[in-house]
Amino acid sequence: MKLLGIQRLAGLAIAAMIIGAPLAAVAQNVTNAATNAPAAANAADANATNDANATNAANATAAAAPAGNPDATHDYSKDSVNSGDDAWMLTSSVLVLMMTIPGLALFYAGMVRKKNILATIAQSFGATAVIAVAWMVIGYSIAFTGGGTTGMQPFVGGFQYFLLAPLNLDINIASPLAPTIPETVYMFFQMTFAIITPALIAGALADRMKYSAFLLFMFFWLILVYCPVAHWVWGGGWLGAKGALDYAGGTVVHLNAGTAGLVAAIMLGKRKGLGTENFAPFNPAYAVIGASLLWVGWFGFNAGSAVEAHDGQAGMAAAATQIATAAATLAWMGMEWMIAKKPTVIGMASGAVAGLVAITPASGYVNPTGALIIGIAAGVVCYFAAVHVKKMLGFYDDALDCWGVHGVGGALGAIMTGMFASNKINSASHGWLTDGNIGQMGLQFLDVGAVFLWSGLGTFIILAVLKYTIGIRVSEDVEVEGLDINLHGEVVQG
Amino acid sequence: MKLIIAVVKPFKLDEVREALVGAGVEGLTVSEVKGYGRQKGHTEIYRGAEYQVTFVPKVKLEAVVDDAGAAGAVEAIKSAAGTGKIGDGKIFVLNVEEAVRIRTGETGAAAL
Amino acid sequence: MKLLGIQRLAGLAIAAMIIGAPLAAVAQNVTNAATNAPAAANAADANATNDANATNAANATAAAAPAGNPDATHDYSKDSVNSGDDAWMLTSSVLVLMMTIPGLALFYAGMVRKKNILATIAQSFGATAVIAVAWMVIGYSIAFTGGGTTGMQPFVGGFQYFLLAPLNLDINIASPLAPTIPETVYMFFQMTFAIITPALIAGALADRMKYSAFLLFMFFWLILVYCPVAHWVWGGGWLGAKGALDYAGGTVVHLNAGTAGLVAAIMLGKRKGLGTENFAPFNPAYAVIGASLLWVGWFGFNAGSAVEAHDGQAGMAAAATQIATAAATLAWMGMEWMIAKKPTVIGMASGAVAGLVAITPASGYVNPTGALIIGIAAGVVCYFAAVHVKKMLGFYDDALDCWGVHGVGGALGAIMTGMFASNKINSASHGWLTDGNIGQMGLQFLDVGAVFLWSGLGTFIILAVLKYTIGIRVSEDVEVEGLDINLHGEVVQG
Amino acid sequence: MKLLGIQRLAGLAIAAMIIGAPLAAVAQNVTNAATNAPAAANAADANATNDANATNAANATAAAAPAGNPDATHDYSKDSVNSGDDAWMLTSSVLVLMMTIPGLALFYAGMVRKKNILATIAQSFGATAVIAVAWMVIGYSIAFTGGGTTGMQPFVGGFQYFLLAPLNLDINIASPLAPTIPETVYMFFQMTFAIITPALIAGALADRMKYSAFLLFMFFWLILVYCPVAHWVWGGGWLGAKGALDYAGGTVVHLNAGTAGLVAAIMLGKRKGLGTENFAPFNPAYAVIGASLLWVGWFGFNAGSAVEAHDGQAGMAAAATQIATAAATLAWMGMEWMIAKKPTVIGMASGAVAGLVAITPASGYVNPTGALIIGIAAGVVCYFAAVHVKKMLGFYDDALDCWGVHGVGGALGAIMTGMFASNKINSASHGWLTDGNIGQMGLQFLDVGAVFLWSGLGTFIILAVLKYTIGIRVSEDVEVEGLDINLHGEVVQG
Amino acid sequence: MKLIIAVVKPFKLDEVREALVGAGVEGLTVSEVKGYGRQKGHTEIYRGAEYQVTFVPKVKLEAVVDDAGAAGAVEAIKSAAGTGKIGDGKIFVLNVEEAVRIRTGETGAAAL
Amino acid sequence: MKLIIAVVKPFKLDEVREALVGAGVEGLTVSEVKGYGRQKGHTEIYRGAEYQVTFVPKVKLEAVVDDAGAAGAVEAIKSAAGTGKIGDGKIFVLNVEEAVRIRTGETGAAAL
C-alpha cells in the first residue's frame, strides 16, 4: 500500500518530467518573442534594484558596473565578461556543490550508526538532484528575478525565467546582480546555495524519515521557504533594500535551515532508543573528512559571494572565513577538553562548521580581527547550544545538531555582523562597534526574526501536510533494523 | 578429547598461541568477542554525552586437545594470558565426543 | 615463473625510463635548432586547421583570436596570456584529474567486494601514472599537433612534440587550439582527459584482470586507440573537419572507453560466481562519494572544454551539465523505484554519471531545456542498458557497467547533440530539432560509428596480443581469494 | 593530575584568546594612526627586497609590476587587482588547504592501525586550527614582512602585521611579494603552506604522541622554525637574496618538516611492538585517497607559487608537477615490484608523494624533461630511503616516513633543481647541467644545509622542553589500547 | 557447571544481559553471528538484481553458570529475548567440566 | 542432542549449508573466525617489510541436531567442505543437554 504510494509518487514525478520537458522545448520558441517585453521590464527592475538596496553587497558590486545603462548589464557583447571573475565564480560554484556532495553527505554520514549511513548519504545526494531541477524550472526565477519596490517585487520574484527561458535564447546576458559574469554562471552559483540549504535540514531528520517524504519536503521547502527568503535579502527584496547585511547567507541559508531543522525534529519526534542505546557514530572519520570538505568548499560560499575577483573583496572574505573557522575549532575543542575532559574529533569538526556558519554573514564586511572574535564566540556558543542546551531543554531530538550549529550559529553571526561590520572593509557596511552605527543592529535583528518566523511557519505547514498524507516517519521495525536495508536495499558491510 | 575455550585480552593472543603450540597444541580457532564481567568497558563521548560501553573487547580461543594434553594446555594459557589485572579472562573445558579432519576423514585424536 | 615475467616487465619499464630520460635531456638540445622549422610548419598547419574545422568548438574559440597571424598563436609575448582563461583552465585540469583520482577510484571501489577494493583503486591510480608519462613522451604529440587536411594529418598527429620538445625551449607558446593560454596548460588539460578515458575501462575489467597486463593495456590503448580518435575530432582531424559535434568527449572519451570495456569484458570472460554468489558491494558509500567527486570534477571536463572563460560558453556548458546530471539522477532513481521497488544509492550515483556522460558532447551546444531532456533520456536509457539489457543479452560481464553507462550514454549524448544543438548557444553548432539542420544527425552517427569501430577493433587486437603473451586474467585461486592480497599484498581490514 | 594539566593548558589557551581578541579590536583603532609610519617603512623595505633578491621567483614576478613606485604595490586602487591572478591564487589557496584537510589526514590515517585512525586525523585537523590562528596573530608578520638587507631583516620579519593590523584598516593593499593580488589572498595562500608544513611532521609521531603536547609543538615549531626559514627564502631574507632556488618549498616546507620528523621520531622513541606485531594499516584505501587529494591539491602548491596566472609560469610549473609525480609513482612501483615482488597501493601512493615533494623546489624552473628525470630519481631514492635505509640504520622509528619521503625527497629536489633549472623556463634561474652555472649547486647545498641545521636544532629544543614539562609520549597502556579511545573518547567501529 | 549458549536478535542483547545479571550470572561472552533457520534473510538490491541474503544477523551469548543457576539463567534469557516472532532464537545447554579464572587461578564455580 | 562445530574455508559456506539442509538440519549459526593450523597465513607487505600473517580466515558453523541426525550431518559437512587441500578444516561433536526455542518455549529436539 505505502510502497504503492511511493511508486505512484515517483512515477508521477518522472512522468511529469518526461512530458514537461518537450512541452518546455516548445514553450521556449513561444517565449522567444514573449520574453523581449519581460526582459525589458526586467532591465527596468534591475535599476530599481540597484538603487533600492545599494547597501546589498552583491549590488554594491553591481553598482560598480555602468549602472545607468541597462543594456550594459542586460545584453552586452561577450567581450564584457571579465574572464577572471568568470573563472572565480565557476570555481566557487563547483566548490559550493562539493560542500553538499560529498562534503555534507560525509559529515552527516559520519555521525550516524552503521545501519543508516547510506540513507544519510542518499538524503544529500537526492536533495541535490531534486533541487537542481526545481531551481532550473522555476526556483531561480522566483528568487533572483523581478526584484524591486513595487507590487509583489519586494516579496517574491517573477516567472519570466520559467525553465530559464531567456537563457535558452541568448548566451550573452548577465544578471544585474552580477554584471561581469554570464547569467548562466550566476544562476549556477546561486543554485549551489539553493541545494545546500535544504540539504542541511537533513541533520535534524537523521535516522527516521521516509525517503519519499524527504524528497517532497526538499522540493516544497525550496519553493515556499528558501526562494522567497533569498529574494527578500539578495534578489532585490525588502530586507536587502532596508539594508540588512547578510554577505553569504547567515540568515538566508543557515538560520533558515536551522529553524526548519528545529521544527522538523519536533514534528518527527525523537529517535527510538535515544538516551538508552549507544548512538556513538560508526565512523567519525567520515565526519571529519566531510567537515574538511565543507571547510574547503566554504571559500566558494563566502569568497564567491563577492561575485567577482577584480578587487579586494573576495580575498578579505576568504581571510575572514579561514580565521573565524580556525578560532571556532579551537574554542569548541577547548570547551570540550575542559568540560568533557577529552577533545573529540566530532567536536573539532562541529566547531569548524560552527565557525564557518557564523562568519558566513560577516565575511566581506568584517576585518580579520572581527573574524577572530566571531569565530571564538561561535565555537563557545554553538558548543553549549548543541551539547548542553539541547540536553537541558530536551524536548527536541535535533539528531546531528542542525539547529544547534546552523540555526544558532547563523543567528549569532548575523547579529555579530551588525557589531563588527566595518566600512573600511566594505563601503556598503557600517557596524555598531566599528563605525558606531547602532541602527544596523536593529536591521540584523529584524532579519533574524523575519527569517526565523517564515522558516518555522513554512516548515510546519509543509510537514503537517506530508504527515497527514503520505506520512513522514518510517515504521518502528524499519527504524530499529536500519534505513539502509529497508529504504534502499543496501548496506555498508563488514 | 577436550574442547578448551579461553577468553583472553586481545593483545595477549599471540603469546597465548605460542604457549599453546609450545604445549603441543597443533591448531586452534579464534574469534573476536565482547566480554561482560568485572572489568568495565570504556567511556565513549559523543556530543559531550558520555556513554559507558558495557562490553570489553576480548578474543576467544577454541582448541580441541586429547585428554592427556588438556591440563598442559590450560596451564599454558593461564601463564601466557595472565597480567594479574581484572579482565584477564577465563578458561573453560568441555568434553568432545568426536573430531574429524575434513581433508583426510581421520577421526579422533588423529584428526587434531 | 609468471612472477618473474612480471618483474622483468617492470624492470624493463623502469630501465627504459631511467635510460630514456637523460637521452631525452640530450635530445632536447639537439632539437633546439631542429624544432624551429617544424614549429613554423606547425604554425602553418595551425591555420589550415583553423579553416579546416571552423565548426570545431575549440577552434571556434581559436578563431576568436587574431587568426590571420600565426605568430599571435605561436610565439606571443607572455602578456597575451589571458589570466582569467589561464586560471580557469588550470582549475579545470585539476578538476578533471580529481575525477580519476580519487573520484573514479572510489566510484569503482565502492561497487566491488571487500577483497578487491585496493586492486580496483590501484587500477585508477596506476593508470594515471602510466598515461601521464606516456602522454608527455609522445601521446600529446600524436593527438594534438600536426592536424590538417594533407597526408596523414586528418588521421594522426606529428612527432615534433616528442618529449614535448618545443615546451622545453620556450615557455611562451600556445597551441592554435587554445590561443589564450600557455600550451603547457592545454597539454596538461588534455592529459587529464587522456588519463580518465582509459581508466574508465577498468569498470568492465573489475575483479579479474592481472595488474601487469592492465598497465600495459592502458599504455597501448592510449597510443593506438585514444590518441588517434582525439586527433580525428579535436586535434584538427577529419571528423572535426567534417563538422561532427563533440564538445567534451561523448564519443572521444565515453563511447570510446565504453566500447573498449564491452570488448574487454567479453575477452576476459565472466567473473567466477556471477549469478550464484552475492556480489553486493562492500561499501556503497565509496561509490556515492566517488560519483559526487566525478560530478564536481566534471565541470572542469565540460565547462573547461570551452578552453577559456572570457565569454558565455563555459558558463552555459556548466549550467547544462548541472541540469542534465540532476535530471538523469532523478530519472534513474524513478525507474529503479518503480521497477525494483527501492531507490538504491548506487542507482542514484549511476544515474548521475549517466547524465554527466550524455551531456558531455552536448554541453556548450545545447540550451538548458535541451540539457534537461538529454538528462532524463540518459537516466532512463542507461538504467535499462546497465540493468536489464545486460541481463537479457547476458553474454558479457560488464562488471561495473562501463559499456552500459559510458558506451550507451556517450552514444546517446552524441546523437541527441545532433538533435538539440542550438546556434543560439554556439554559433558553430546547428542542430536538427532546434535549427532544422538534419544533416547534423548524419555527422553524429558517422562519429559514433567511426569511434565504435576503431575502439572495438583496437581493443580486440591489444588484448588478443596480451592474452597470448603474458596473459590477461588472474588464476581462479587468486580470483576467489581476492586480488588485493594476491596482487598487491595488502587488504582492507575489519 | 595529567588530565588536569591538559585542561589547564587548554583553558589557558581559550582564555588567552577570549581576552586577547577584544584587546586586539581596541588595538586596531590605535594602530590606525600608528601603522601609517610602519606602512611607509614597509614600502621602503619592499623595494629593498625587490632589488635584494631579484632572483627570487616571487619577486621576479614582483619586479614585473611598476616597481619604481611603492604606492603602486602598496596602496593601489582596487582596479589594479588582476582578476585572473586573484582567481587563480584564491583557488590555489583552497587547493593547498585541501592538501592538509582532508588530504594529509587521510594519507596518514590510511597507514595506521584501526585504534589510531581518529587520533591521526585529529593531528592534521587540530594543527590546521592552531596554525591558522597563530599565523593571523603573528606568523605572517615575522615570515613575510620586513624583509631586506639591514639589521635583522635578512633573518626575521617585523611585527607591524601583528593581528594583520594593516589589513584591518585597508582592503586595497598588496604585498610587494605579490603585487597583482590583494595582500589578504597572499596572506591566506602562505597560511596554507604554514599549515601543511608542521602538519607533515605528524607522520613521524604517529601512534604515540600526547595530543596536548602535539598541539603545543605545532605552535612553537611554526613560530620558531617555519616562520624564520620562510623569511630567509621567500620573505626577503638572506637565502633568497643569495639566489638559492626553492620555487614552492623543497627546503622551506619538505626538508624542514622531514628533518623535524627525524628528530622528533628519535626523541619520542619507537612504537611499542615495532617489528614484533603486525603494523599493517587498517585501511590502505584511505592512504591512496589521501595521496590522490595531495596530488590534486599540489597544483595549488606548485603552480600557485607563480603567485599569478598572467604568463606561462604557472602552466609550466603545473606540467612539471604532473610529469614528475607520475614518473615517481612508476619508479617506486617498479622498485617494489622487482624487490618485494608485489606493487602495493601504499607504495604507489608514497611514490606519488615523493615525486610531488622532489619537484616542489624545481617546478617553475625546470622544463618537462628535467621534471621527468627528477621524478624518476625521487621514486627510486625515496623508496630506498623509506624502506631499506630506515631498516638498515634502524635507530629511528619514522612511522609514516616523514623523513624518508619529505626530508630526503625535499633535499634531493633542491639539489636537482640546481642541476636542471633552465633560464629558458624562468629568466631568474640558471642551472648547472642546463645553463652551465655550477655556482647554483653551492647555493642549493647551502640552502639544504642551513634548513637542516635550523630545523633539527629548533625541533630538538622545543621537544626537549615539552618532554620535561608536560611530557610528549602517552603511557604504554594508552599506546597498547589505542589513542582514539584514550585521547579522544571515540573509535572507528566495525 | 553448565555452558549456556543463546542465539538471539541483536537488539535484544542489552535486555538479555540485564536479565542474566538479574539471575545472578556474573559474566558472559558475546559474539556477532549470522543465523540460518526459519526466519529468512533480507533482500539486497544491486544494479536492479535482487539477492536474497540467506543469513540473518544474530548475537550469540555464552555464559558458564554453576549447575544450580542454569535453570534460572535459561528462564531469564527466554523471557528477555522473546518477541513471539520467528527468529527469536535458541538456547542450548552443555556440560562444562572445568573453569579457571586466569587472573587468580581459581577453578570451578569460584572462577565464574 | 549433539552440537556439531565445523571450521571450514569461507568460500565453502554456502555449499556446506545446503548439504546440511539436505541432511535435514533446520538451522545453524555461523561466525567468522581466524584459524591456526597446518595451513599457513598469507604474507602482507607494508613499506617493503613482509609480514607473515599467522591466522587464516575461516568460518565456524554450529548446528545442534538430534542424536540420530548427528552422523548424517557430519558426513554432509565432510563431503561438502572437502577440497583435499590443507586447511579444509575440522568437525567436532559435543553433547548437548538441553535446547530451547525461545519463541515457543519448546524444549529438546522439538526446539531445533
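Letters A, B, C, D, E and F mark the chains as written, and numbering starts fresh at 1 in each.
Simple rule for what comes next: contacts are C-beta pairs under 8 Å (C-beta built on N, C-alpha and C of every residue); 3 or more make two chains touch, one makes a residue touch a chain.
Computed from a prediction, not measured in an experiment: that's the story for all the values here.
**Student:** Return the chains common to the contact lists of chain B and chain F.
**Tutor:** D, E
**Student:** Higher C-beta contact count, D-F or C-F?
**Tutor:** Between C-F and D-F, contacts are more numerous in D-F.
**Student:** Taking all residue numbers at the chain A/chain D interface, are over half used by both copies (same) or under half (different)?
**Tutor:** Mostly different residues: under half of the interface numbers shared.
**Student:** By residue number, over half of the contact pairs should agree; on that basis which option among C-F, B-D or D-F is the same interface as A-B?
**Tutor:** Repeated interface of A-B: D-F.
**Student:** CA centre of chain B versus CA centre of chain E: separation in Å?
**Tutor:** Those two chain centres are 18 Å apart.
**Student:** If you average the CA atoms of chain A and of chain E, how far apart do the two points sit, in angstrom?
**Tutor:** Inter-chain centre distance comes to 49 Å.
**Student:** So the centre of each chain is just the mean of its C-alpha atoms; given that, what is the distance between chain B and chain C in Å?
**Tutor:** Between these chains, centre-to-centre, one finds 54 Å.
**Student:** What are the residue numbers in chain C that touch two or more other chains?
**Tutor:** 82-85, 87-88, 91, 280-281, 340, 342, 344, 346, 488-491, 494
**Student:** Which residue numbers or ranges of chain F touch two or more of the other chains?
**Tutor:** Counting only residues that touch two or more other chains, chain F contributes 14, 31, 44-46, 50, 94-95.
**Student:** I'd like to see which chains touch which, written out pair by pair.
**Tutor:** Those chain pairs which touch are A-B, A-C, A-D, A-E, B-D, B-E, B-F, C-D, C-E, C-F, D-F, E-F.
**Student:** Within their complex, state which residues of chain A touch chain D.
**Tutor:** 82-85, 87-88, 91, 95, 114, 280-285, 288-289, 291-293, 295-296, 299-300, 303, 308-316, 318-319, 322-323, 325-327, 329-331, 333-335, 337-338, 340-346, 348-349, 351-352, 367-370, 372-373, 376, 380, 422, 424-426, 433, 494
**Student:** Which residues of chain A touch chain E in their complex?
**Tutor:** Contacts found on chain A: 277, 480, 485, 488-491.
**Student:** Within the complex, which stretch of chain E touches chain C?
**Tutor:** Within the complex, chain E touches chain C at residues 44-51, 53.
**Student:** Please output the residues of chain F touching chain E within their complex, sorted ascending.
**Tutor:** My answer: residues 3, 14, 17, 26-31, 62, 64, 94-103, 105, 111-112.
**Student:** Tell me, which parts of chain D touch chain A in their complex?
**Tutor:** Contact set of chain D toward chain A: 3, 6-7, 10-11, 13-14, 17-18, 21-22, 24-25, 27-28, 78-79, 81-88, 90-91, 93-94, 97-98, 101-102, 105-106, 109, 117-118, 121-122, 125-126, 128-133, 136, 163-164, 167-172, 181-185, 187-188, 191, 211, 286, 487-494.
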